[in-house]
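Naming follows writing order (A, B and C), and every chain is counted from residue 1.
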Amino acid sequence: MMINENTATPINADEQFAKLGLILPPAPAPLGVYKPCLVDGKYLYLSGHGPLQNDKTLIIGRIGQQLDMEQGKLAARQVGLTMLATIMANIGGLNKIKRVIKVLGMVNCTADFEKHPYIINGCSELFASIWGPDNGVGVRSAVGFGSLPDNIPVEIEALFELK
Amino acid sequence: MMINENTATPINADEQFAKLGLILPPAPAPLGVYKPCLVDGKYLYLSGHGPLQNDKTLIIGRIGQQLDMEQGKLAARQVGLTMLATIMANIGGLNKIKRVIKVLGMVNCTADFEKHPYIINGCSELFASIWGPDNGVGVRSAVGFGSLPDNIPVEIEALFELK
Amino acid sequence: MMINENTATPINADEQFAKLGLILPPAPAPLGVYKPCLVDGKYLYLSGHGPLQNDKTLIIGRIGQQLDMEQGKLAARQVGLTMLATIMANIGGLNKIKRVIKVLGMVNCTADFEKHPYIINGCSELFASIWGPDNGVGVRSAVGFGSLPDNIPVEIEALFELK
(Lines give C-alpha, C1' and ligand atoms only; values in the text may rest on other atoms or scores of the structure.)
Protein backbone atom coordinates (compact mmCIF):
# COMPACT_ATOMS: atom_id res chain seq x y z
CA MET A 1 0.00 0.00 0.00
CA MET A 2 1.24 3.44 -0.87
CA ILE A 3 2.10 5.58 2.13
CA ASN A 4 -0.13 8.63 2.05
CA GLU A 5 1.37 12.03 2.79
CA ASN A 6 -1.16 12.59 5.53
CA THR A 7 0.13 9.71 7.61
CA ALA A 8 2.99 10.07 10.08
CA THR A 9 5.54 8.74 7.55
CA PRO A 10 5.77 11.09 4.58
CA ILE A 11 6.62 9.70 1.16
CA ASN A 12 10.28 9.78 0.22
CA ALA A 13 10.15 9.99 -3.57
CA ASP A 14 13.71 8.76 -4.06
CA GLU A 15 13.06 5.69 -1.90
CA GLN A 16 9.79 5.16 -3.72
CA PHE A 17 11.62 5.36 -7.04
CA ALA A 18 14.22 2.81 -5.86
CA LYS A 19 11.50 0.48 -4.55
CA LEU A 20 9.72 0.50 -7.92
CA GLY A 21 12.93 -0.60 -9.68
CA LEU A 22 12.42 1.90 -12.49
CA ILE A 23 15.05 2.35 -15.18
CA LEU A 24 15.42 5.85 -16.58
CA PRO A 25 16.50 6.82 -20.09
CA PRO A 26 19.31 9.38 -20.37
CA ALA A 27 18.15 12.97 -19.74
CA PRO A 28 17.37 14.34 -23.21
CA ALA A 29 19.41 17.13 -24.80
CA PRO A 30 17.28 20.02 -26.14
CA LEU A 31 16.21 19.69 -29.81
CA GLY A 32 16.05 23.47 -30.23
CA VAL A 33 16.58 26.78 -28.47
CA TYR A 34 15.10 25.96 -25.07
CA LYS A 35 16.01 24.61 -21.65
CA PRO A 36 14.65 21.18 -20.71
CA CYS A 37 14.18 22.40 -17.14
CA LEU A 38 13.96 25.80 -15.42
CA VAL A 39 13.77 26.61 -11.72
CA ASP A 40 11.95 29.80 -10.70
CA GLY A 41 11.90 30.20 -6.92
CA LYS A 42 9.82 27.33 -5.56
CA TYR A 43 8.71 26.18 -9.01
CA LEU A 44 10.26 23.79 -11.48
CA TYR A 45 9.12 23.97 -15.11
CA LEU A 46 9.73 21.13 -17.56
CA SER A 47 9.70 21.64 -21.33
CA GLY A 48 7.64 19.33 -23.49
CA HIS A 49 9.28 15.89 -23.26
CA GLY A 50 9.02 12.95 -25.64
CA PRO A 51 9.21 9.17 -25.02
CA LEU A 52 12.96 8.67 -24.98
CA GLN A 53 14.04 5.04 -24.60
CA ASN A 54 17.07 3.64 -22.80
CA ASP A 55 18.91 3.24 -26.14
CA LYS A 56 18.34 6.99 -26.80
CA THR A 57 15.82 6.37 -29.60
CA LEU A 58 12.30 7.79 -29.41
CA ILE A 59 9.06 5.80 -29.53
CA ILE A 60 7.56 6.86 -32.87
CA GLY A 61 4.08 6.70 -34.37
CA ARG A 62 0.58 8.20 -34.27
CA ILE A 63 -2.00 6.63 -31.96
CA GLY A 64 -4.85 5.13 -33.99
CA GLN A 65 -2.48 4.60 -36.91
CA GLN A 66 0.89 2.97 -36.06
CA LEU A 67 0.19 2.60 -32.32
CA ASP A 68 -2.84 1.35 -30.38
CA MET A 69 -4.15 2.68 -27.08
CA GLU A 70 -2.05 0.44 -24.86
CA GLN A 71 1.10 1.32 -26.77
CA GLY A 72 0.11 4.98 -26.44
CA LYS A 73 -0.32 4.68 -22.69
CA LEU A 74 3.08 2.97 -22.41
CA ALA A 75 4.57 5.80 -24.49
CA ALA A 76 3.11 8.32 -22.03
CA ARG A 77 4.68 6.36 -19.18
CA GLN A 78 8.01 6.49 -21.04
CA VAL A 79 7.58 10.27 -21.38
CA GLY A 80 7.11 10.36 -17.61
CA LEU A 81 10.33 8.39 -17.09
CA THR A 82 12.13 10.82 -19.41
CA MET A 83 10.80 13.72 -17.34
CA LEU A 84 12.10 12.03 -14.18
CA ALA A 85 15.52 11.71 -15.87
CA THR A 86 15.54 15.46 -16.58
CA ILE A 87 14.56 16.21 -12.97
CA MET A 88 17.30 13.93 -11.61
CA ALA A 89 19.93 15.44 -13.91
CA ASN A 90 18.96 19.01 -13.02
CA ILE A 91 18.13 19.07 -9.33
CA GLY A 92 19.69 15.82 -8.19
CA GLY A 93 16.72 13.98 -6.76
CA LEU A 94 12.98 13.39 -6.95
CA ASN A 95 12.53 14.13 -3.28
CA LYS A 96 13.18 17.83 -3.85
CA ILE A 97 9.80 18.02 -5.58
CA LYS A 98 6.93 18.78 -3.21
CA ARG A 99 4.12 18.16 -5.68
CA VAL A 100 2.85 18.16 -9.23
CA ILE A 101 0.95 21.35 -10.01
CA LYS A 102 0.07 21.05 -13.70
CA VAL A 103 0.51 18.65 -16.60
CA LEU A 104 -0.22 19.27 -20.28
CA GLY A 105 -0.54 15.92 -22.06
CA MET A 106 -0.21 16.27 -25.83
CA VAL A 107 -1.41 13.27 -27.82
CA ASN A 108 -0.53 12.67 -31.48
CA CYS A 109 -3.53 10.69 -32.70
CA THR A 110 -6.02 10.33 -35.52
CA ALA A 111 -8.85 12.89 -35.63
CA ASP A 112 -11.43 10.31 -34.45
CA PHE A 113 -9.50 9.43 -31.28
CA GLU A 114 -11.40 10.11 -28.02
CA LYS A 115 -9.44 8.53 -25.16
CA HIS A 116 -6.69 11.10 -24.52
CA PRO A 117 -7.06 10.94 -20.72
CA TYR A 118 -6.46 7.18 -20.82
CA ILE A 119 -3.21 7.73 -22.73
CA ILE A 120 -1.86 10.44 -20.44
CA ASN A 121 -2.71 8.37 -17.35
CA GLY A 122 0.42 6.40 -18.32
CA CYS A 123 2.46 9.37 -17.10
CA SER A 124 0.12 10.50 -14.32
CA GLU A 125 0.01 7.04 -12.71
CA LEU A 126 3.81 7.00 -12.72
CA PHE A 127 3.95 10.40 -11.00
CA ALA A 128 1.33 9.25 -8.46
CA SER A 129 3.45 6.16 -7.71
CA ILE A 130 6.49 8.39 -7.02
CA TRP A 131 5.01 11.35 -5.12
CA GLY A 132 1.80 9.75 -3.87
CA PRO A 133 -1.88 9.97 -4.79
CA ASP A 134 -2.23 13.56 -3.56
CA ASN A 135 1.11 15.32 -4.20
CA GLY A 136 1.79 13.27 -7.34
CA VAL A 137 -1.43 14.41 -9.00
CA GLY A 138 -2.11 17.97 -10.23
CA VAL A 139 -4.42 19.67 -12.69
CA ARG A 140 -4.17 18.42 -16.26
CA SER A 141 -5.34 18.77 -19.82
CA ALA A 142 -4.97 15.72 -22.09
CA VAL A 143 -5.81 16.61 -25.67
CA GLY A 144 -5.16 15.69 -29.31
CA PHE A 145 -2.66 17.57 -31.46
CA GLY A 146 -2.37 17.72 -35.23
CA SER A 147 1.24 16.50 -35.16
CA LEU A 148 4.21 16.25 -32.82
CA PRO A 149 7.98 16.59 -33.43
CA ASP A 150 9.51 13.49 -35.09
CA ASN A 151 6.02 11.95 -35.11
CA ILE A 152 6.28 10.92 -31.44
CA PRO A 153 2.94 9.67 -30.03
CA VAL A 154 3.00 11.73 -26.82
CA GLU A 155 4.66 14.90 -25.53
CA ILE A 156 4.16 16.17 -21.98
CA GLU A 157 5.14 19.41 -20.23
CA ALA A 158 4.71 20.02 -16.51
CA LEU A 159 4.97 22.43 -13.61
CA PHE A 160 6.07 21.22 -10.17
CA GLU A 161 6.34 22.85 -6.76
CA LEU A 162 9.67 22.36 -5.00
CA LYS A 163 10.03 21.72 -1.26
CA MET B 1 -24.79 48.22 -16.74
CA MET B 2 -21.96 46.23 -15.29
CA ILE B 3 -20.38 47.76 -12.21
CA ASN B 4 -16.75 48.41 -12.99
CA GLU B 5 -14.13 47.52 -10.40
CA ASN B 6 -12.77 51.06 -10.55
CA THR B 7 -15.98 52.60 -9.24
CA ALA B 8 -16.67 52.96 -5.54
CA THR B 9 -18.74 49.74 -5.49
CA PRO B 10 -16.57 46.74 -6.33
CA ILE B 11 -18.09 43.79 -8.16
CA ASN B 12 -19.40 41.00 -5.97
CA ALA B 13 -19.08 37.96 -8.23
CA ASP B 14 -21.55 35.85 -6.26
CA GLU B 15 -24.19 38.61 -6.43
CA GLN B 16 -23.39 39.04 -10.10
CA PHE B 17 -23.84 35.31 -10.62
CA ALA B 18 -27.20 35.36 -8.82
CA LYS B 19 -28.36 38.41 -10.78
CA LEU B 20 -27.61 36.68 -14.09
CA GLY B 21 -29.82 33.72 -13.09
CA LEU B 22 -27.27 31.21 -14.35
CA ILE B 23 -27.82 27.49 -13.85
CA LEU B 24 -24.67 25.43 -13.30
CA PRO B 25 -24.15 21.80 -14.27
CA PRO B 26 -22.83 19.48 -11.54
CA ALA B 27 -19.09 19.87 -10.90
CA PRO B 28 -17.47 17.21 -13.10
CA ALA B 29 -15.63 14.22 -11.65
CA PRO B 30 -12.14 13.69 -13.12
CA LEU B 31 -11.97 11.38 -16.18
CA GLY B 32 -8.39 10.35 -15.36
CA VAL B 33 -5.56 10.76 -12.86
CA TYR B 34 -5.82 14.50 -12.24
CA LYS B 35 -7.47 17.05 -9.95
CA PRO B 36 -10.16 19.29 -11.49
CA CYS B 37 -8.88 22.17 -9.35
CA LEU B 38 -5.70 22.96 -7.41
CA VAL B 39 -4.93 25.89 -5.12
CA ASP B 40 -1.32 27.04 -4.86
CA GLY B 41 -0.98 30.04 -2.56
CA LYS B 42 -2.88 32.89 -4.19
CA TYR B 43 -3.45 30.94 -7.42
CA LEU B 44 -6.23 28.60 -8.48
CA TYR B 45 -5.56 26.26 -11.40
CA LEU B 46 -8.38 24.55 -13.28
CA SER B 47 -7.82 21.42 -15.38
CA GLY B 48 -9.14 21.30 -18.92
CA HIS B 49 -12.96 21.31 -18.64
CA GLY B 50 -15.54 20.15 -21.16
CA PRO B 51 -19.12 21.36 -21.85
CA LEU B 52 -21.01 19.41 -19.19
CA GLN B 53 -24.77 19.89 -19.31
CA ASN B 54 -27.24 19.96 -16.44
CA ASP B 55 -28.25 16.34 -17.18
CA LYS B 56 -24.55 15.33 -16.80
CA THR B 57 -24.13 14.59 -20.52
CA LEU B 58 -21.49 16.39 -22.59
CA ILE B 59 -22.10 18.50 -25.69
CA ILE B 60 -20.50 16.41 -28.44
CA GLY B 61 -19.30 17.16 -31.98
CA ARG B 62 -16.59 18.85 -34.03
CA ILE B 63 -17.11 22.49 -35.09
CA GLY B 64 -17.37 22.73 -38.87
CA GLN B 65 -18.71 19.17 -39.01
CA GLN B 66 -21.51 18.35 -36.52
CA LEU B 67 -21.65 21.82 -34.93
CA ASP B 68 -21.70 25.32 -36.43
CA MET B 69 -20.02 28.44 -35.03
CA GLU B 70 -22.93 29.54 -32.87
CA GLN B 71 -23.28 26.08 -31.39
CA GLY B 72 -19.53 26.11 -30.78
CA LYS B 73 -19.70 29.45 -28.96
CA LEU B 74 -22.58 28.15 -26.81
CA ALA B 75 -20.49 25.05 -26.05
CA ALA B 76 -17.63 27.31 -24.89
CA ARG B 77 -20.09 29.15 -22.65
CA GLN B 78 -21.21 25.79 -21.23
CA VAL B 79 -17.54 24.95 -20.57
CA GLY B 80 -17.33 28.24 -18.66
CA LEU B 81 -20.39 27.30 -16.59
CA THR B 82 -18.79 23.91 -15.86
CA MET B 83 -15.63 25.70 -14.69
CA LEU B 84 -17.75 27.90 -12.40
CA ALA B 85 -19.32 24.72 -10.98
CA THR B 86 -15.85 23.34 -10.18
CA ILE B 87 -14.83 26.63 -8.54
CA MET B 88 -18.02 26.70 -6.43
CA ALA B 89 -17.56 23.07 -5.37
CA ASN B 90 -13.91 23.57 -4.43
CA ILE B 91 -13.60 26.99 -2.84
CA GLY B 92 -17.24 27.73 -2.03
CA GLY B 93 -17.82 30.92 -3.99
CA LEU B 94 -16.95 32.95 -7.06
CA ASN B 95 -16.17 36.01 -4.98
CA LYS B 96 -12.97 34.40 -3.67
CA ILE B 97 -11.49 34.85 -7.14
CA LYS B 98 -9.74 38.18 -7.64
CA ARG B 99 -9.20 37.88 -11.38
CA VAL B 100 -8.67 35.70 -14.42
CA ILE B 101 -4.96 35.44 -15.28
CA LYS B 102 -4.86 33.01 -18.20
CA VAL B 103 -7.19 30.94 -20.35
CA LEU B 104 -6.29 28.24 -22.87
CA GLY B 105 -9.21 27.70 -25.22
CA MET B 106 -8.96 24.40 -27.09
CA VAL B 107 -11.26 24.10 -30.09
CA ASN B 108 -12.09 20.78 -31.80
CA CYS B 109 -12.76 21.87 -35.38
CA THR B 110 -12.09 21.05 -39.01
CA ALA B 111 -8.64 21.99 -40.37
CA ASP B 112 -10.08 24.90 -42.40
CA PHE B 113 -11.67 26.59 -39.38
CA GLU B 114 -10.39 30.11 -38.64
CA LYS B 115 -12.64 31.67 -35.99
CA HIS B 116 -11.31 30.13 -32.77
CA PRO B 117 -11.39 33.44 -30.85
CA TYR B 118 -15.11 33.83 -31.64
CA ILE B 119 -15.79 30.37 -30.18
CA ILE B 120 -13.82 30.90 -26.96
CA ASN B 121 -15.47 34.29 -26.43
CA GLY B 122 -18.47 32.21 -25.29
CA CYS B 123 -16.50 31.42 -22.12
CA SER B 124 -14.62 34.72 -21.87
CA GLU B 125 -17.81 36.81 -22.09
CA LEU B 126 -19.29 34.71 -19.28
CA PHE B 127 -16.22 35.32 -17.09
CA ALA B 128 -16.34 39.05 -17.90
CA SER B 129 -20.00 39.14 -16.85
CA ILE B 130 -19.11 37.54 -13.49
CA TRP B 131 -15.85 39.27 -12.53
CA GLY B 132 -16.11 42.40 -14.67
CA PRO B 133 -14.50 43.63 -17.89
CA ASP B 134 -11.08 44.06 -16.29
CA ASN B 135 -10.71 41.34 -13.64
CA GLY B 136 -12.80 38.86 -15.63
CA VAL B 137 -10.50 39.05 -18.65
CA GLY B 138 -6.94 37.68 -18.75
CA VAL B 139 -4.45 36.60 -21.38
CA ARG B 140 -5.64 33.85 -23.71
CA SER B 141 -4.81 31.55 -26.57
CA ALA B 142 -7.73 30.15 -28.59
CA VAL B 143 -6.53 27.54 -31.05
CA GLY B 144 -7.56 24.45 -33.01
CA PHE B 145 -6.73 20.93 -31.83
CA GLY B 146 -6.64 17.69 -33.79
CA SER B 147 -9.13 16.01 -31.46
CA LEU B 148 -10.53 16.33 -27.94
CA PRO B 149 -11.63 13.68 -25.41
CA ASP B 150 -15.05 12.15 -26.22
CA ASN B 151 -15.17 14.39 -29.32
CA ILE B 152 -16.27 17.42 -27.27
CA PRO B 153 -16.19 20.67 -29.31
CA VAL B 154 -14.36 22.79 -26.72
CA GLU B 155 -12.09 22.24 -23.74
CA ILE B 156 -10.77 25.11 -21.59
CA GLU B 157 -8.18 25.30 -18.81
CA ALA B 158 -7.51 28.40 -16.74
CA LEU B 159 -5.44 30.09 -14.08
CA PHE B 160 -7.04 32.53 -11.61
CA GLU B 161 -5.69 34.78 -8.90
CA LEU B 162 -7.43 34.48 -5.54
CA LYS B 163 -8.21 37.43 -3.27
CA MET C 1 29.78 38.46 -29.95
CA MET C 2 26.83 38.53 -27.64
CA ILE C 3 27.60 39.85 -24.17
CA ASN C 4 26.85 37.06 -21.74
CA GLU C 5 25.00 37.88 -18.55
CA ASN C 6 27.77 36.28 -16.51
CA THR C 7 30.34 38.82 -17.65
CA ALA C 8 30.90 42.12 -15.85
CA THR C 9 28.70 43.99 -18.34
CA PRO C 10 25.13 42.72 -18.15
CA ILE C 11 23.00 42.70 -21.28
CA ASN C 12 20.87 45.79 -21.82
CA ALA C 13 17.98 44.43 -23.89
CA ASP C 14 16.94 47.84 -25.23
CA GLU C 15 20.49 48.58 -26.41
CA GLN C 16 20.68 45.08 -27.85
CA PHE C 17 17.39 45.68 -29.68
CA ALA C 18 18.68 48.99 -31.10
CA LYS C 19 21.96 47.40 -32.16
CA LEU C 20 20.14 44.68 -34.09
CA GLY C 21 18.21 47.31 -36.07
CA LEU C 22 14.93 45.43 -35.70
CA ILE C 23 11.70 46.92 -36.98
CA LEU C 24 8.59 46.07 -34.98
CA PRO C 25 5.05 45.76 -36.31
CA PRO C 26 2.36 47.72 -34.43
CA ALA C 27 1.29 46.10 -31.16
CA PRO C 28 -1.75 43.99 -32.10
CA ALA C 29 -5.24 44.78 -30.82
CA PRO C 30 -7.02 41.78 -29.25
CA LEU C 31 -9.18 39.71 -31.65
CA GLY C 32 -11.50 38.62 -28.84
CA VAL C 33 -12.24 38.99 -25.15
CA TYR C 34 -8.69 38.85 -23.78
CA LYS C 35 -5.74 41.05 -22.86
CA PRO C 36 -2.64 40.81 -25.04
CA CYS C 37 -0.48 41.24 -21.94
CA LEU C 38 -1.00 40.87 -18.19
CA VAL C 39 1.37 41.69 -15.34
CA ASP C 40 1.06 39.66 -12.14
CA GLY C 41 3.66 40.70 -9.59
CA LYS C 42 7.04 39.82 -11.06
CA TYR C 43 5.52 37.94 -14.00
CA LEU C 44 4.43 39.11 -17.42
CA TYR C 45 2.07 36.88 -19.39
CA LEU C 46 1.59 37.28 -23.15
CA SER C 47 -1.48 35.95 -24.96
CA GLY C 48 -1.02 33.84 -28.06
CA HIS C 49 0.41 36.16 -30.74
CA GLY C 50 0.37 35.79 -34.51
CA PRO C 51 2.85 36.96 -37.19
CA LEU C 52 1.74 40.56 -37.64
CA GLN C 53 3.62 42.44 -40.34
CA ASN C 54 4.55 46.10 -40.46
CA ASP C 55 1.61 46.83 -42.79
CA LYS C 56 -0.73 45.30 -40.15
CA THR C 57 -1.52 42.22 -42.26
CA LEU C 58 -0.83 38.72 -40.96
CA ILE C 59 1.41 36.11 -42.57
CA ILE C 60 -1.09 33.45 -43.66
CA GLY C 61 -0.78 29.78 -44.62
CA ARG C 62 -0.22 26.26 -43.28
CA ILE C 63 3.34 24.93 -43.14
CA GLY C 64 3.74 21.97 -45.51
CA GLN C 65 0.96 23.36 -47.70
CA GLN C 66 1.22 27.10 -48.56
CA LEU C 67 4.47 27.71 -46.64
CA ASP C 68 7.74 25.78 -46.46
CA MET C 69 9.97 25.33 -43.41
CA GLU C 70 12.07 28.45 -43.95
CA GLN C 71 8.95 30.57 -44.42
CA GLY C 72 7.57 28.97 -41.28
CA LYS C 73 10.68 29.83 -39.27
CA LEU C 74 10.54 33.44 -40.54
CA ALA C 75 6.87 33.56 -39.53
CA ALA C 76 7.86 32.44 -36.01
CA ARG C 77 10.46 35.22 -35.93
CA GLN C 78 7.74 37.67 -36.97
CA VAL C 79 5.57 36.38 -34.13
CA GLY C 80 8.50 37.10 -31.82
CA LEU C 81 8.75 40.67 -33.16
CA THR C 82 5.00 41.08 -32.60
CA MET C 83 5.43 39.90 -29.01
CA LEU C 84 8.23 42.45 -28.53
CA ALA C 85 5.85 45.15 -29.85
CA THR C 86 3.25 44.15 -27.24
CA ILE C 87 5.88 44.22 -24.47
CA MET C 88 7.13 47.68 -25.57
CA ALA C 89 3.57 49.06 -25.76
CA ASN C 90 2.63 47.69 -22.33
CA ILE C 91 5.67 48.06 -20.08
CA GLY C 92 7.71 50.56 -22.07
CA GLY C 93 10.93 48.64 -22.65
CA LEU C 94 12.51 45.25 -23.18
CA ASN C 95 15.02 45.85 -20.41
CA LYS C 96 12.29 45.48 -17.77
CA ILE C 97 12.19 41.77 -18.58
CA LYS C 98 14.60 39.68 -16.52
CA ARG C 99 14.20 36.43 -18.43
CA VAL C 100 12.03 34.15 -20.50
CA ILE C 101 10.41 31.48 -18.35
CA LYS C 102 8.16 29.57 -20.77
CA VAL C 103 7.17 29.57 -24.42
CA LEU C 104 4.37 27.61 -26.09
CA GLY C 105 5.02 27.44 -29.83
CA MET C 106 1.89 26.49 -31.78
CA VAL C 107 2.53 25.39 -35.36
CA ASN C 108 -0.19 25.18 -38.03
CA CYS C 109 1.14 22.42 -40.30
CA THR C 110 0.19 19.31 -42.19
CA ALA C 111 -0.23 16.11 -40.16
CA ASP C 112 3.04 14.64 -41.49
CA PHE C 113 5.16 17.62 -40.36
CA GLU C 114 7.92 16.75 -37.86
CA LYS C 115 10.17 19.79 -37.48
CA HIS C 116 8.19 22.00 -35.08
CA PRO C 117 11.25 22.88 -32.95
CA TYR C 118 13.03 24.22 -36.05
CA ILE C 119 10.07 26.50 -36.80
CA ILE C 120 9.75 27.89 -33.27
CA ASN C 121 13.51 28.52 -33.10
CA GLY C 122 12.70 31.53 -35.32
CA CYS C 123 11.18 33.17 -32.24
CA SER C 124 13.51 31.64 -29.65
CA GLU C 125 16.66 32.78 -31.48
CA LEU C 126 15.24 36.30 -31.58
CA PHE C 127 14.59 36.25 -27.83
CA ALA C 128 18.11 34.87 -27.22
CA SER C 129 19.57 37.74 -29.29
CA ILE C 130 17.68 40.28 -27.14
CA TRP C 131 18.02 38.89 -23.62
CA GLY C 132 21.05 36.66 -24.09
CA PRO C 133 21.64 32.90 -24.41
CA ASP C 134 20.72 32.21 -20.79
CA ASN C 135 18.01 34.71 -19.80
CA GLY C 136 16.55 34.80 -23.32
CA VAL C 137 15.90 31.05 -23.33
CA GLY C 138 13.28 29.29 -21.18
CA VAL C 139 11.39 26.03 -21.21
CA ARG C 140 9.32 25.39 -24.33
CA SER C 141 6.94 23.11 -26.14
CA ALA C 142 6.78 23.38 -29.93
CA VAL C 143 3.95 21.29 -31.33
CA GLY C 144 1.51 20.94 -34.23
CA PHE C 145 -2.07 22.17 -34.02
CA GLY C 146 -5.06 21.22 -36.14
CA SER C 147 -5.71 24.83 -37.13
CA LEU C 148 -4.96 28.38 -35.99
CA PRO C 149 -7.03 31.60 -36.15
CA ASP C 150 -7.13 33.15 -39.65
CA ASN C 151 -4.96 30.24 -40.85
CA ILE C 152 -1.77 31.86 -39.53
CA PRO C 153 1.23 29.46 -39.64
CA VAL C 154 2.46 30.09 -36.08
CA GLU C 155 1.04 31.38 -32.79
CA ILE C 156 3.15 31.76 -29.65
CA GLU C 157 2.30 32.55 -26.03
CA ALA C 158 4.88 33.19 -23.33
CA LEU C 159 5.61 33.84 -19.68
CA PHE C 160 8.42 36.19 -18.65
CA GLU C 161 9.96 37.17 -15.33
CA LEU C 162 10.27 40.91 -14.73
CA LYS C 163 13.25 42.56 -13.04
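The rule is simple: contacts are C-beta pairs under 8 Å (C-beta built on N, C-alpha and C of every residue); 3 or more make two chains touch, one makes a residue touch a chain.
Not measured: the values here are computed from a predicted model.
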Overall pattern in which the protein chains touch one another (line/ring/star/complete/other): complete
Chain C against chain B, contact positions shared by both copies (same if over half, else different): different
Superposing rotation of chain A relative to chain B, computed on C-alpha atoms, to nearest 5°: 120
Rounded Å distance between chain B and chain C, as computed from the means of their C-alpha atoms: 26
For chain A, residues contacting two or more additional chains: 111, 144-147
Chain C-facing residues of chain A, complex: 31-38, 40, 45-48, 62, 104, 106, 111, 144-151, 155, 157
Chain C-facing residues of chain B, complex: 101-103, 107-118, 120-121, 124-125, 128, 137-147, 161
